[in-house]
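One chain, chain A, links the two complexes that follow: it is found with chain B in the first and with chain C in the second.
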Partner chain A sequence: MIPFILGRLVKAGFILLAILVFNFLLIHAAPGDPAAVMAGEAGAADAKFLADLRERFGLDQPLYIQLWTYLKGAVQLDLGFSYRQQMPVSELIASRLPATLLLTGVAFVLSLVLGVTAGVAASARQGSWGDTIISMLALLFYATPLFWVALMASLVFSVWLGWLPGFGYETIGAGYTGIEHVLDVAKHLVLPATTLGLFFMAIYMRMTRASMLEVSRLDFVKTARAKGLKRSVIQRRHILRNALLPVITLAGLQAGQIFGGAILTETVFAWPGIGRLMFEAINQRDYAVILGVFYISGAMVLLFNLITDVIYVIVDPRIRLTA
Partner chain B sequence: MSLLSIRDLAIALPGGADRRYAAKDINFDLAAGEILCIVGESGSGKSMSANAVMGLLPEGVNAVGGTITFDGQDILGLSEQQMMALRGRRISMIFQEPLSALNPLMRVGAQIAEVFEAHGELVGSERRARALTLLKEVGIPDPESAIRAYPFQLSGGQRQRVMIAMALALEPEILIADEPTTALDVTTQAQILELIEDLRRSRGMAVIFITHDFGVVADIADRVIVMQTGTIVETGTADEVLLKPQHPYTRALIDAIPRLTRHDEVAPIDRKTVLTVEGLNKTFSTSSGTFFGKRRVVKAVQDVSFELYSGETIGIVGESGSGKSTVGRCLVRLINPDTGRVMVDGADIAHMSGADLRDQRRKMQMIFQDPFSSLNPRARVSRILTEGLIAHNVPIADAMVKARALLEMVGLDPSAMGRFPHEFSGGQRQRIGIARALALDPSIIIADEAVSALDVSIQAQVLDLLADLKTRLNLSMLFITHDLRVAARICDRIIVMQKGRIVEVGPTGKVLHDPDTAYTRSLLDAIPGQDYERALAKAE
Partner chain C sequence: MMKPFRIAVAVMAIALAGPLAAQDGEPQAGGTLNVVIQPEPPGLMIGLIQNGPTQMVAGEIYESLLRYDFDLTPHPQLAESWEISEDGKTYTFKLRDGVTFHDGKPFTSDDVKFSMDVFLRESHSRTRTYMEHVESIDTPDPLTVVFHLKQPFGPFIGIFEPGTAPMVPKHIYEGTDFATNPANNTPIGTGPFKFDEWVKGSYIHLVKNENYYIEGKPYVDDVYYHVIPDAASRAVAYETGKVDVLPGGAVENFDVPRIRDMENTCITDKGWEFFGPLSWIWINMNNKPLDDLKVRQAMMHALDREFAKDALWNGLGKVATGPLSSSTRFYAGDTPDISYDPVKAKALLADSSYNGETIRLLGLPYGETWQRWAEAVKQNLTEIGMKVEIVPSDVAGWNQKVSDRDFDLAFTYLYQYGDPALGVSRTYMGNNAAPGSPWNNVSNYQNPETDKMFNEAAEMAKPEDRRAAYKTIQDQIVADVPNLWLLELGLPTIYRCNIKNPVNTALGVNDGFRDVWIDKK
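And then the complex of A and B:
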């Protein structure tokens, strides 16, 4: 197991490097450079000013030197400087990452738990009213645009009913500490995490349901019945465990997607995470920040994939470790 | 007083099936300690009747009439709760494919211990100890490590022993065995049959043994029931049914069994070599992929050399894992051999690529084992048959004409062109597979277990068809099979393989009746029903 993980980490390092290079080149392929944007906004777009700016940010260097400088920094977690926020990018990301991890982590667990539970419940009642209702609800959340659900949730539960705060990470200026602070953050978390979770829940629900029905037709389920086991035991021990294998694969892939979903959710709920940071950076053409966020989210996706593979090996003894 | 008594049992199929009842007017008794064999071809209702006793009919299939009396009560009237108490404790069941019948994610020991748990017997450590005893009893080598193994880590025979251990855990009065040896090698089959026989004797357990194989019936049955399309056509003691069959269907079935003693004399061959295989090697290795892991290496084919003459059929026989299928696949380059030469018409196929290989491939075509998965379910028969021709630049119209002719040649109506594979029976599909193989006018046919998935009567028809086509089209054939009876029927020469090597080659009669090696002898000895075959020959 350890050599497997080490091998995978080495591979992940190379992939991450490729992501960095690719994103760097992609951004530089876009017309205009940050200096032009800055000069334009400063209202002083004469050639001298532009050249000064370029020199100051190293933009007058050949591209490969710029890339080399960037990569050298990136390896040491120096992701450049955000001229907009007047802060090193790595510090900026570090200050925003915990909020995003909290949001996506809770949303991920929520979507998985709800999705699998609903899928099991639906498969146990295949073709009944219960099955139809569960499937329709799940599809409804999946088919409705994420930002719309977010806006409506905010309107209903925050504006109309006033049950939950509709924006932010904590009550600003309340100065809560200890358990009060935790509860405050939790309250703020309910709407964004549920919104994000419900969207992804539908996928797990459909997958679990289909997988349960497929596994329940396999021979070993008949063997289990022939032993005289109870239906509930067969469902849990024999069908569910086997049915979860494709769900785990899917969850590994979705873990990356949920970052994408976080950008919308964080924007609507003013959640101070890297999703919102990214949204702002794109609006402001803050290239260093955009690249930094790509880098971190790329690393997260690779990490989630590795975790998925490790879980898979633990759950399914037939899988041999091949990095 | 019989242990189990079935009267007028009727099992209804769901609407839209090809017939109304899976089984009807089923009447039989089972006495304690008796082995009752239910024989029949696929679709005869033999499995359904047995499943009804367990209360394990598939969804939509229901027992709609009659009674199944066990221990004084009618099983059909019991609640699910009451049935659960019976299953595994008083009536147990084992199935055909032990790999799929075991949960792949659970250790063998846990799966056996589950039986005790289901019936509230013993506690944790005792359950494990009992499971170990049971594994010893069914003759698993190294039971201490087997109990911790996952099903995929055991061989087919060991898995079936695990299934038997599980079924015997609570000493049931009845064991229902549904084709328990069909998926096993002949030597393993012989061991499992012996085990069941032993257990019956030592425990006085009654066995309902479902099979399509008369050889197996002859070796273990006390009494026999023959079923055809849902009804019992004949019943009696083993000797009565096997040696003096009354019903024409039983007679036809017995007549269709390929005999070891009845193989065609080797036709005079003009000794023109069509295929020369020299020093063929293929090694599979699973890379561990990590920096430090070790590789697992399987030498699937080692130094295999032989010649195939024009118009000749060579049988390649051996147990699973002997490398016989790998040889076939190497020859048509479905997998690439590591070393060695495969000469066809003076050209070495083993090291060809691109257009040359595509051109040579038409000379050697393959027929596969499973007529269900070897035909594309989304393609009509017309496309299946013309695809190869069109790939070799035959105009579509000509290809269609040829496809119709091929269908007639294999005994199907040309109207089949517009239909999909699922609309045909297993035997018909295998005919389509044969037509597909013949489309490119090959000179060599490689048939990989081509009749193993078929019922004996269909098997006999397909073998006849192959023999007929062979003479008509002057084909040479490599017939890969695990079934020595089938090999006896169709082959001129036989190659016996073991662990990737050829251990014996010779004319069919010599290999089957006077083999040179102990391995061939052990394969032959394991074939079920040999005494019966001799008795049958004497009776004739």
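And then the complex of A and C:
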């Protein structure tokens, strides 16, 4: 296992480097630069103002030198400086990452637990009313655009019913501490986490259901039934465990996608995470921040994939890992 | 010998009671003001960064020598009185006694000289050009500052607001690299509110300056600026009572009527007189057939701007009559007619060199209203027989395309800063048309006559002379139609009616919270 993990980590390093180079070139190919955006926001600017900004940001250097400077820093974990936010990028990301991890983590767990549970429940009584309702809801959640769900959730639960806060991470100015603070954040988390989780929950539900049904038709399940094992034991130990493999693969892949979904959710719900940081950085062409977020999110996706592979072995001992 | 005359008779009495702070009952102290801010400002050191959100927050932390009422008349702020010499070349300001910065150090004439002569000359692109007119600054005593100008500069008395001429503390910045001074993260000014905390992505918190030099002010204890990136969520924030003030442009225009009708909600389009935001469409006169006056006139008469005002801007704002906003000094309303007349437009187009070319219209990427406006303009132009293609972009892309002159028609709006010499001439001067900037003479309008008059009018000492000169300029430019003028934008500030006085100067919420109080009844 250890050589496998080490081998994968080395590969991950190269993949990360490729991600950075590719995105560096991509973002520089987009029209406009941070100096022009900042000057634009100032309402007016002369050529000297723009030239000063470009010099300060290092944008007056040839592109290959800018790339080399960036990569040199990046391999030493120096993600550069955001001139727009007047902060080192690593500090900026560190200050925003906990909020995103909380949001995506809760959404991920929520979608996985509820999705798998609903999938198991639906597959247990295929064709029943329960199965039909769960499948229809899953289809609805899967088909509805995330931004629309977010806006409707905010309208219904925040504006109309007044049950939950519609934006933000905490009640600003309330000065809560301890358990009060935790509860306050939890309250603010409900809408964004549910919104973000719904789409993925639908996918896990459908995947679990299909996989469970497929496995339940295999010979070893018939054998288990013939042995007279209890239905619940067959479901849990024999079918679910085998049916989970594709769900785990999907979950590993979607841990990265959920990061992408966070960009939209965080923007609509004013959640101060790195998804929003990224969205704003793209609009402002804040190159260092964009690349820094790619760096971190890329690293996390690679890490999730590694974890997925390790979990495979635990769930299905037949699988052997090679680096 | 110079014979000084007093331009402003307004002195202490005005500053203390003040027509700028129209009272609405007996002010009550205390309470918290919750305001929306968007986008999040890049920083709060207003001498270094001048974007809208920075000005909005930092305008409460930093102050300048004067304030301006809705008619742009100057009133005392850090200066309690001032004199302008008859030849218009010497400005003498008497400063208020007993003013301190937030760190307790006194504010003196040295700070004024340092701010204007050193800090802003280096770091502020607009102020740098204004200061080219200043020969030297004298500080005969700690409470007197004398500006000696090389020649008269008519708009000079109009530049002393916090976004243009903020007073920065000399003792903190002298001899340092301004851009990297650590104090930029904890801005220190003389204003009614002090910086307390900034949680990036969430909020900025300012607290009352207990040592403010006007006794009893500010009334409110603190101000929270909430960073909410999505326009619909900003509307929700107001509807759910999380914020009490939505500055102009905070919510999409189509949400305004719904919010306006809410209980205890007031709305005002005042507070933009200094900026006079004027929207227009650049015409790229480098491209044929847009160099043809008749094509430009046809397009101008094709635009139904009343419709845009009513349908897209909720009836707020005014239809523009030419290159000046009506709140800008020396505005002339009686310029040549450019009203909606599709019949005339069709006739002009038929008589022009237009041959069915597709015209590329670059919309302004500032949200839904602007997209819809581009569609309305496309429809208007299509109706008179032109082919129009809307080009989408984001903000950075828009900047680049306009800088590179890669468009035929492009939406924009710009501030006028109260005076044609400050915010209008830059759009029409022939020597300011080089590609590379989206805020200069983008249309490439070339008229040596108006160039000459712009230069002369800026340096006239007497306002009546300037008025006559600008009238001629406006007539000429309107006749030449280098741009398609749209609307003087009405950007409403929406607030709870028990928040009293949020808008009391020509800069609106940018410097108005000194006089805000909350009616708790």
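We adopt the following convention: the second predicted complex is superposed on the first by the 298 of 323 C-alpha atoms of A that agree within 3 Å, B and C clash if a C-alpha of one lies under 4 Å from a C-alpha of the other, contacts with A are read in each partner's own complex, and residues count from 1 in each chain.
FYI, contacts are C-beta pairs under 8 Å (C-beta built on N, C-alpha and C of every residue); 3 or more make two chains touch, one makes a residue touch a chain.
As the structure is a prediction and not an experimental result, all values here were calculated from the model.
In the superposition on chain A, A:Val315 makes contact with chain B only, not with chain C. Once the two complexes are overlaid on the shared chain, A:Val268 sits against chain C while remaining clear of chain B. Look at A:Ala224: by the touch rule set out above, it reaches chain B but stays clear of chain C. In the superposition on chain A, A:Gly7 contacts chain B only, with no contact to chain C. Shared-chain residue A:Phe167: touches chain C; no touch with chain B.
Comparing chain C and chain B on the residues of chain A they touch gives the larger count to C. Using the contact criterion defined above for the overlaid structures, shared-chain residue A:Arg285 touches chain C, although it does not reach chain B. By the touch criterion stated above, chain C contacts chain A in their complex at residues 32, 34, 39-40, 42-43, 49-52, 125-126, 128-129, 179, 184-185, 199-203, 205, 222, 224, 226-230, 232-233, 236-237, 239-240, 242, 393-401, 403, 414-415, 423, 426, 434, 436-439.
Listing the residues of chain A that touch chain C in their complex gives 30-34, 36-50, 56, 84-87, 92, 95-96, 99, 151, 154-155, 158-159, 162, 165-170, 172-173, 267-270, 272-273, 276-277, 279-280, 283-285. Of all the residues in chain B, the ones that touch chain A in their complex are 54, 56, 84-89, 92-93, 95, 97, 100-106, 114-115, 117-119, 150, 152, 163, 166-167, 286-293.
Against chain B, the residues of chain A that register as touching in their complex are 3-4, 6-7, 218-220, 222-230, 233, 237-238, 241-242, 315-318, 320-323.
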